[in-house]
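The structure that follows is given in the form of structure tokens.
First chain written, first letter: the chains are A, B and C, and each begins at residue 1.
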Amino acid sequence: MAEHRPSPDSEGSGWQPLARSVFFTTTLGAIIVVSVVLFYIFSGGEDYIARLIPALSSYAGDIDHLILLIAALVGFWFFAALFAFFVLLFKYRARPGHKASYLATHEHQLETWIAWPHWLVIACDLVIIVVAVKVWHMVKQVAPPPDTTVRIIAQQWSWTFRHPGPDNKLDTADDIVTIDRLHVPVNKVVHFQLRSKDVLHDFAVPVFRLKQDAVPGRTITGWFKPTRAGAWDIQCAEICGIGHGLMPARLFVETPEQHAAFLDAGAKSAQLPGGQPIY
Amino acid sequence: MASHSIPAPGHSEPLGHHDAHHEEHWFLKYCWSVDHKMIAKQYMITGLFMAIIGGFFAYVFRWQLAFPNEPVPLFGVVTPASYNMMITQHGTIMIFYVAMPLLLAAFGNYLIPLMVGADDMVFPRLNRASYQVFLISCIILIWSFFVPGGGFGGAWTSYPPLSASASYNLTPSGSTLWLLAVALEFVAFLMGGINFIVTAMNARAPGMKFEDVPMAVWMIVIASIMFMMSVGPLFAGSVLLLMDQNFGTHFFDPRTGGDPVLWQHLFWFFGHPEVYVVLLPALGFMAEILPVFSRKKLFGYRTLLYSSIGTACLSFFVWAHHQFIAGIDPRMANVFAATTVLISIPIAEMMFVFIATLYGSAIQFTVPMLWALSFLAEFLVGGVTGIFLGASGADIHFHDTYFVLAHFHYTFFPIAIIGSFAGLTYWFPKMFGRHLNEFWGKVHFWITVISFNFIWMPLFFTGIMGDHRRIYSFTNFPDLMTPDRVLLREISSVATAIMGLAQLIFFANFFYSMYRGRKAEANPYNANTLEWQCPSPPPHGNFAEMPTVYRAPYEYSHPDRETDFWPQHEPPAGAGALKPEGAH
Amino acid sequence: MYDSNPVKRGRLGSSTRVAAALALAGLLGGCHPDQKLSASADRQKQLYAYCMQCHQADGSGSKLAGAPNIGGLDAAYVELQLTKWKDGVRGAHPDDAEGLRMRPMVRTLKGADEFKEVAAYVASLSTVYAAPALYGDQDNGAKLYQASCASCHGAEGLGNVAMGSPRLAGRNDWYIVTQLHKFRSGVRGSDPRDAQGAMMRPMAMALPDEQAIRDVAVYLSQLKPKEM
């Protein structure tokens, strides 16, 4: 029976034009990919994401830049594949007088077909990995020296923020404790110590492109540097029970004058018994 | 039945009823059967039923998100507790009770013996037990919705300490029953998986070499092996969690030395391969459907096979990309970002293989083919958006936003829904001996696929704009209530309702055609694989004469043949089928 | 922060939503009869659904959730407490774990009208008595109660609407103990805007020790007023 198996060694009719078109497509693709990378290295692309959601921390622009770089690279593959897909659908639709061809080749010839796009995909992947790790390293692995430090304590289903008060030191008598309202000065490096009293929570500030889980039993540190004054949402981004969707907090990024006023008001109300929240 | 010299186990097991032609009692036939086709149909009907529940939940919470603080039509007020319960159960149901039973169990059971030319599974009684355990698991899951406190609402990932303590999740019975149901479901699929692997290994028809095995069988076998390798840690984890919930242990409780992040590792070590466990069977269906309706040999059989094995292996080394910001050592993220992004290589190769198959073909736009083609286009979106999430730096922003959900649904909807519809419409004539209505099939296809894109395209953007998942109402977040965000959510929710309604067309078509459809012949599509060589529907024991295999499964439009197909079992001695001048 | 603004709507008009809802309802064979919840009783019940996960359908509460039985509380008292939560007067102390759990739940009710409706519903439920969860001497509790508490909360423990003091007869003993501790430590009632809390805090100090608190709590949890 073996001699009647369709031999993989017979040269098929459809092979040569396919190989040619693949070669040209991938060469063209390589040129496009390289130019896209160069374009994003030499241009500030972060504005496109900032149109959807403001970018208000020192590293928000870098994260947006990474997102756009990935968008450009995978966008090329996406549209190239979709274009080829629809062209093929149209060109090879069944119709009277059209017959499918039989493609019989060596498997290693098929490997040639796969090899070109394959190496291109790897090249794109490497670019993405390098830039992603770079951004990650800057945001999560290293931090500039702090100008101030706040403690964030999450619990079902509220946030407690412990501000260092006028002496800029945590765990002293002039600490200002608030519920669901975080006050930070603009253009200063803020370190946070994130804790949880009960279950997992997540301190997420979309306008800062910042997110960090709070794990009970641990203190997780992180940092951000706000770049514009204003009031923004803090969300809990890790399900924490039935009140998960109901624990919004508000972030107040304050000018030096506003922040001084906040510290003043806090210093007065902190005299109340029981660590009275200021609002 | 004795036409070949070496009886494979699947052929030789004497089960009595194969030769007994008396009409069985309906209970034995429909509820206590060991016939792989009946068990497949049981899985299929159960899976479709669960899909209705899961889909209804999706409609309810989508409607709540778009139009908060109003009663949802057909449901009523959605409270935070019922919202959490519904998102949790939607995820659980769609993954464990729809995708797994439909793609793996129903089609695995139905197709493997037919495609490899066996008369049944190697372990038919184990197969029956598998379905029965699965059914019990379904019943426990549905029961858990009605116990005091309600169903579990800690998300399908079930992270402790929330899931470990009733004082946190407020569902003392619901969370335990949920865990029990899921654990039983694993047991059922382990039993099924053993059967799939052993049958494909040992019960193949004579002459069927490894590269003559249809891709669907390969994929289901690889998926079953992956499931077996990955489920162990999670199964152990669920026992620990069950003990934390009920017996006062503290494996995941940090107050007494436990570690909540441990569960995340156990869960995602299973959870990520799980995505490929359901992806591979769907890819297998595409590899069956595309060649048949493009009348063309599958491009790169080995490439597809090896890249799916590569994907399967690589998928065990990417799990922590779900935990980038979960409090793991940040240095670990760099490793997992690299492995995650690299998984794009085998996946891209699979997509190349499918697209290249279309080159030089003659494409018939039948309903199964439309589903298969839409699978490629939609899965492409899911695939490329995954890169954003695997890149650790970008994931800081995207983690747990609707961008993740949109990415996930652009992979999972093609897998679970499009894949199932492709399979159901393609093998329907074989299963029930009748054809589905082609016109209504196309109407259903277009409404479903178009509304799907309207559901999830807007949510990519709300995700970038900061909408986080599992939040029952965005009205408490001033930044998230801008008119553009609200509009995007409303488009998505209305599209969800439309897609839900479109499924009525499918169910009507499905059940009407089952009894009244046009009669189907044995091989209506002129396909090559063995399941089309027995009658439609196949009788007990499947093949009147057990087949012998002479060639690979995708020999379409061979230049030496007058017909454009070449069934695997057709003996080469039938020289009449060969053109005289084409013999070589 | 409680945002009492009405829900902002997108550009997709209400007519689209109504049409889609009608299409759904029509095709699936008619919707709930209680879709139009204009009647006050239905609306109250609908709003109370937000409370049920913790406080239970019959208002019997859940110790697991730290939620007391609330059935039979005076409507004005319930409304006042909801308003205090909304304004951050109650349940806004970092150490008030149960209060901070209740705080976001108040966000499910939009504004004073809904507070009134749900308070009326709570008042219409009857008090569900629970067996004592703590050990306490009821006779001693009765003596201490009459000496220190009865002037405001009434000899029968029925409270005093004019003073804003709630009905205590039949409240869970564990809840009374927790609240007394919170009053004593200033976790509850120390906000300058909390007039009733200011009155209650010194009274909570009047009970001499832990066992006295438990005695009173157990006594009250089993106290059945004669009117019942």
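Note that contacts are C-beta pairs under 8 Å (C-beta built on N, C-alpha and C of every residue); 3 or more make two chains touch, one makes a residue touch a chain.
What you see is a predicted model, and the numbers here were worked out from it, not measured in a lab.
Each chain's centre was taken as the mean of its CA atoms, and the one lying most distant from chain C is B. The chain closest to the protein's centre is B, with centres computed as averages of CA atoms. Once the centre of each chain is set as its mean CA position, chain A and chain C turn out to be 42 Å apart. If you average the Cα atoms of chain B and of chain C, the two centres end up 47 Å apart. Averaged C-alpha coordinates give centres for chain A and chain B that are 28 Å from one another. Looking at chain B, residues 79-81, 170, 476, 478 sit in touch with two or more other chains.
With touch defined as above, residues shared between interfaces to two or more other chains in chain A number as follows: 156, 242-243, 246, 248.
Chain C has residues 53, 105, 107-108 in contact with two or more other chains. Those residues of chain C lying in contact with chain B across their complex are 3, 7-12, 16-17, 20-21, 23-25, 27-28, 31-32, 34-35, 37, 46, 49-50, 52-54, 62, 64-66, 105, 107-108, 110. Residues of chain B touching chain C in their complex: 67-69, 71, 73-74, 76-77, 79-81, 149-150, 166-167, 170, 172, 475-476, 478, 481-491, 494, 497-498, 500-501, 504.
The touching residues of chain A, when paired with chain B in their complex, are 1, 4-6, 13-14, 18, 49, 52-53, 62-63, 66-67, 70-71, 73-75, 77-78, 81-82, 84-85, 88-89, 92-95, 98-104, 107, 110-111, 113-114, 117-118, 121-122, 125, 128-129, 131-137, 139-141, 156, 198-200, 202, 204, 206-207, 209-218, 220, 232-233, 235-246, 248. The touching residues of chain C, when paired with chain A in their complex, are 1, 53, 88, 92-95, 97, 100-101, 103-105, 107-108, 185-187, 190-192. Residue ranges of chain B in contact with chain A, taken from their complex: 79-81, 83-84, 153-155, 159-162, 168-170, 207, 254-255, 259-261, 294-297, 299-300, 302-303, 324-327, 330-331, 333-334, 337-338, 341-342, 344-345, 348-349, 351-353, 355-356, 358-365, 373, 376-377, 380-381, 384-385, 387-388, 390-394, 396-397, 399-401, 461, 464-466, 468-473, 476-480, 550-552, 555-559, 564, 566, 571-572.
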